[in-house]
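One chain, subunit A, appears in both complexes that follow, with subunit B as partner in the first and subunit C in the second.
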Partner chain A sequence: MDFAFFLIQLLNGLQYGLLLFLVASGLTLIFGIMGIINLAHGSFYMVGAYLAWSLASMTGSLAAAILLGVVLTVLLGVALEWLLIRRLYERDHLYQVLLTYGLILVFEEMRSILWGDDVHGVPVPALLAHSIPLTENLSYPVYRLVISGVCLLLALGMYLLIARTRLGMMIRAGSSNRDMVQSLGINIRLIYTLIFALGVALAAFAGMINAPLSSVFPNMGGGVLIICFVVVVIGGIGSVKGALVASLLIGLAETFGQVLVPEVAGMIVYLLMAAVLVWRPEGLFRKL
Partner chain B sequence: MSSNEKGFDRREFLKGTAAVAGATAVGTLAPFGLAQAQSGKIKVGLMLPYTGTYAALGVAITNGFKLAVEERGGKLGGREIEYIVVDDESNPAKAPENANKLIQRDKVDVVIGTVHSGVALGMAKVIRETGTLWINPNAGADEVTGPLCAPNIFRTSFSNWQSTYALGKVLKAEGRKTAVFITWKYAAGEQMMAGFKEGFEKEGGKLVKELYTPFPQVEFQALLTEIASIKPDAVVAFFAGGGAAKFLKDYAAAGLKGKIPLYGSGFLTDGVLEAVGDAAEGVETTLHYADSLNTKKDNAFRLAYAKTYKLQPDVYAVQGYDAGQLLAAGLDAVKGDISSKAAMIKAMEAAKIDSPRGTWTLSKAHNPVQDMYLRKVVGKQNLVQGVAFKALADPARGCKA
Partner chain C sequence: MHAHGRMLNAILIAAVVALAAFPLAGSTFYTQLITKIMIMAIFAMSLDLLVGYTGLVSFGHAAFFGLAGYALALMVPKYEAASLWWTLPAAMAACAAFALVTGALVLRTRGIFFIMVTLAFAQMLFFVFHDTKFGGGSDGIYIYNKPHLKLGETALLDLEKLDHFYYLVLVLLVAVYLVLRRILGSTFGHALVGIKVNEHRMRALGFPAFRYKLAAYVISGALAGMSGYLAAVQFGFVNPEIISWHQSGAVLMMVILGGMGTLYGPAIGAFAFVMMQELFSNQAWFGAYAKHWQLAMGVTIILVALYLPQGLSGLLQKFGRRKEAAEAEHD
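Up next is the complex of A and B:
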């Protein structure tokens, strides 16, 4: 591998890492801060992708589809929290696993009924449908770079929200002692509803913005779910910064793993996770 | 005291329900068994996916099979057909149990299934033990008509090896001397890779690199960069469904399309052309079926299928249809007497199937000996360019039956 290709692979790794962060960010909130084991995270991702496809073909614009989709999925998140998740905060994790696993089945079946089982494509917006030539036969799609930019903005936004705002302070307080916060007169129920809705919307947003790259197909959430949990576990449960660092680590490890040691490429991520867990059982970063 | 009473009640209740359940079971089973013996229907067990990713394939196969039966007046060898349907969910873990259900409980005469190779391998064990007649209308695992072959095991689709072996000739004819193969790291991908390698090297080509990505991951950027740095004459790929759509788009977006020609097993471009826009334009693939064969048989089949099901048929529908035709050939020969299995198998082995894909026969290991078409993506269709390999037979390595 000469130097130019090394740099390109580095770019691939970072870009993939940022994409992973985008997909895992919603889980960081729901699992990391609320402590809810949300197996349906991948389903929200899939719902987002299908929404992007159907809304974009209705409105003719991906941007409009994303705006509309975010609103819809926030509502979906509020409704789910209000109807179902709310009943589980006091219960054992096993109940959350059961419920959210059930949601996976429900969402897959709904998807099949509403949208069918076909593979669909979402066109990249014309403005961004270019590629930048890198070598004589390889070029880099602009849309991927745009996504990377969006991911960085999102990471910054989440960091500011949690570390610097009053709402963030309440979220942090709620995640360390729910009862105490409640007795201080803060409406913790509302805050949890908000976080859950935000988490759902983030997962769906990832699916939407990623739809032109990934295509839209049944069971697309399944693969995403596992890697998201790996990101959150490596990064440290509840840490946005940790999730970002872990995403980049995984992106780089997978990219170079596939090229340098293809025989074990499928295991590299999990080896990395095992190593981190042995070295720091609590993950790379402690809370927040 | 009160809790004791409750416990007693529950035990009594359980005894009661058990007795009732037992009585109804005996009551319903006995006349059911009698009715079966008299009606004389042939019991066909359809073990296919009707939910999940492959649901559409399971439905296409079922439709094709039933169309073949309907065309014969709903009877094969003079006997009516009774269908017993099991959704295998493409779940290999449940395969032996599902196959057993059909064979032991429902006592089917023949099993038709399935799509997923892992499930097919799970079925194979049960089928080999019981000796039940099995027609596999899709799953391409080489083993089914290789090490696992048996007199009662038939396939009407393809072997993974077949789906890429013919590409060797295609690449040679188009002057490509080096190639890179890219696929998922799982059994089907590796078997297609091996088939291509054998075919390509026989023609003097050189497979310079095998690239694998973990199944079912769809992040290809690192491997596309690797391809750009290797600069082979051609890239050959096997992916399917959503993965195929993403690969075709990524290949084009990375600027490789038009610089390094892309080839593949036909599954790369089947069912995804609507999704990928013009990213697949010009991609050449080999498969045992194509969109524009324009033969008398194919046109008639496509018309009948579209009329009956209000759907366009695909390669899976053809494979299901041929499973029906193959069973018909066997049952006609023994006049519907499915108990004379040896004579029936002999007739099936000798059958010449007049298929929408073109006439085919069976190899010794019961896999189709068939023409592999060269297809090219033009617009939203896989247009046939000619026959890439005439009457290609799977080598059936490891088959001792």
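Up next is the complex of A and C:
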């Protein structure tokens, strides 16, 4: 493996890992703060990708589609939390699993009714559709670098939100003692709604920006969901920092696995998870 | 309570008699459908041991179901039939072994973690069969010859025949129910329920909670394997879909829909679930939307999670209790 090839795989692995982080961070926040296991999280990724495709073909611009799509998915998140998720806070995880599993079926069939079952490509915006040459015959697409950059910015934004703002303080407090926070006069319900909508929008956003690379196809959310579960298990529940570390770890492991040992590439992440479970059953990080 | 138990036994015996008589009257289609339902009932009861009694919400139970199916497909020689006497125990043993290894890992976690990790291990198995040649890839493997069941040289049952297979499944369903009831009536079974309610207290009382949970996990996995084996025999092929998380979701739904922690509830749930599938995908009734039957299924699942937490058997019990109370008042 020469250096340019290695560099390409490294960048691909990081980009994939950062994308996973966007989905997994919402998942881990919803687990950690609201105590909700959300199987439908992968569906939001799928909804995002389909929104990007349909809105981009309507407006002719991926940027406009993403902007519009984010607004729509935030509204979707607020509506879902209001209508359904809210009723699950006091309930056993079992019912959370069941209800959100039902949601997956609903989303998947709605997708089939509204958008059909075909695979669609989404063009990379013309402005970003070139590559940076690395050697004579190897080059790296700019769009992938842009995705990584945007994901990094969002990760930084999320860190600042949680660590440095008043809202972040309420979120942290809410995750450690819900009742105490409420009795101090903070509207924890509103915070839960915000967190859920944020998680939905982040997952959908990941689906949107990745649509030009992955294309758009039925059941695309399932694979992402399960990988993100592995991320959360490795990183530690409710830990955004853990989600970042684990996402990058898995992104790199899977990318290099596919190049070096393609026969067992599908299993690598699960073996990694098993190893972490033996070593630290609670995950690598335990704090928000 | 005893009157309640006697009544339940009477109903269950009546149900078994009705099932035993069914192939005499039912068409081929419905005999096959009921066979499928009974197989799913075994699957759902095996999960009830974990979810309903031990408090372990597994979202990866399809792993055992699929593993046993694949075990059969790989054990059967291509052009001749294998014996059920050793393929069924071997398939169940494979599941027990898989449960022992993964159980030792997944039981280190609890709550949400447990749900995710069981799902992840099932998905790992999915990829093992999906990505490798020996598992036939995404196309799966055909099982051309159903296993034979002989005593010495005489064939006891011919599983190619619909009703023979039906009765085999019925006998196994009853056997699994009785075995599980026996297990749950033992000290071990009571300890499992104790672990569900308060694991710390059980440990303080000197029960080795981890080993008990692992034992329950292994038993449950082996019984799920039995149902997966039977399903593979019935359909004559296996593919990775039988390990998919939709299968794990479906069986969990059967347990809740019927009423967890009752054993017979999940069997009712299996019946209701498969019947709903048939209903929602009925083209004569739903026309073009029959293709989208999962939408109605999804909405039903959401409604059950919100409004029917104790399932159908909980509904019946509530009704029965109200009646009992009314009668007591009358006296």
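By our rule, the second predicted complex is superposed on the first by the 286 of 288 C-alpha atoms of A that agree within 3 Å, B and C clash if a C-alpha of one lies under 4 Å from a C-alpha of the other, contacts with A are read in each partner's own complex, and residues count from 1 in each chain.
By definition in this document, contacts are C-beta pairs under 8 Å (C-beta built on N, C-alpha and C of every residue); 3 or more make two chains touch, one makes a residue touch a chain.
This is a predicted model, so every value here is computed, not measured.
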Superposition on subunit A - do subunit B and subunit C clash or fit: clash
Partner chain(s) touched by A:141 [first = subunit B, second = subunit C, both, neither]: first
Touched partner set for A:266, first subunit B, second subunit C, both or neither: both
Contacts of A:112 with subunit B and subunit C, given as first, second, both or neither: both
Touching partner for A:165 - first (subunit B), second (subunit C), both, neither: neither
First, second, both or neither for A:57, with subunit B first and subunit C second: neither
First, second, both or neither for A:254, with subunit B first and subunit C second: first
Which of subunit B and subunit C A:176 touches, first, second, both or neither: neither
Touched partner set for A:213, first subunit B, second subunit C, both or neither: first
Common ground on subunit A, meaning residues reached by subunit C in one complex and by subunit B in the other: 112, 265-266
Complex interface listing, subunit A residues touching subunit B: 1-2, 5, 8-9, 12-13, 15-16, 19, 112, 117-121, 123, 131, 133, 135, 137-141, 143-144, 213-220, 223, 254-256, 258-259, 262, 265-266
Residue ranges of subunit B in contact with subunit A within the complex: 51-53, 55-56, 185, 211-219, 221-226, 228-229, 231, 241-242, 244-246, 249-250, 253-256, 259-260, 271-272, 274-277
Complex interface listing, subunit A residues touching subunit C: 31, 35, 37, 84, 87, 91, 93-95, 97-99, 101-106, 108-110, 112-113, 222, 226, 229-230, 232-233, 237, 263, 265-267, 270-271, 273-274, 277-278, 281-283
Partner subunit A, residues of subunit C touching it in the complex: 51, 57, 59, 105-106, 108-109, 111-113, 115-117, 119-121, 123-124, 127-128, 130-132, 245, 249, 252-253, 256, 260, 292, 294-295, 297-302, 304-306, 309
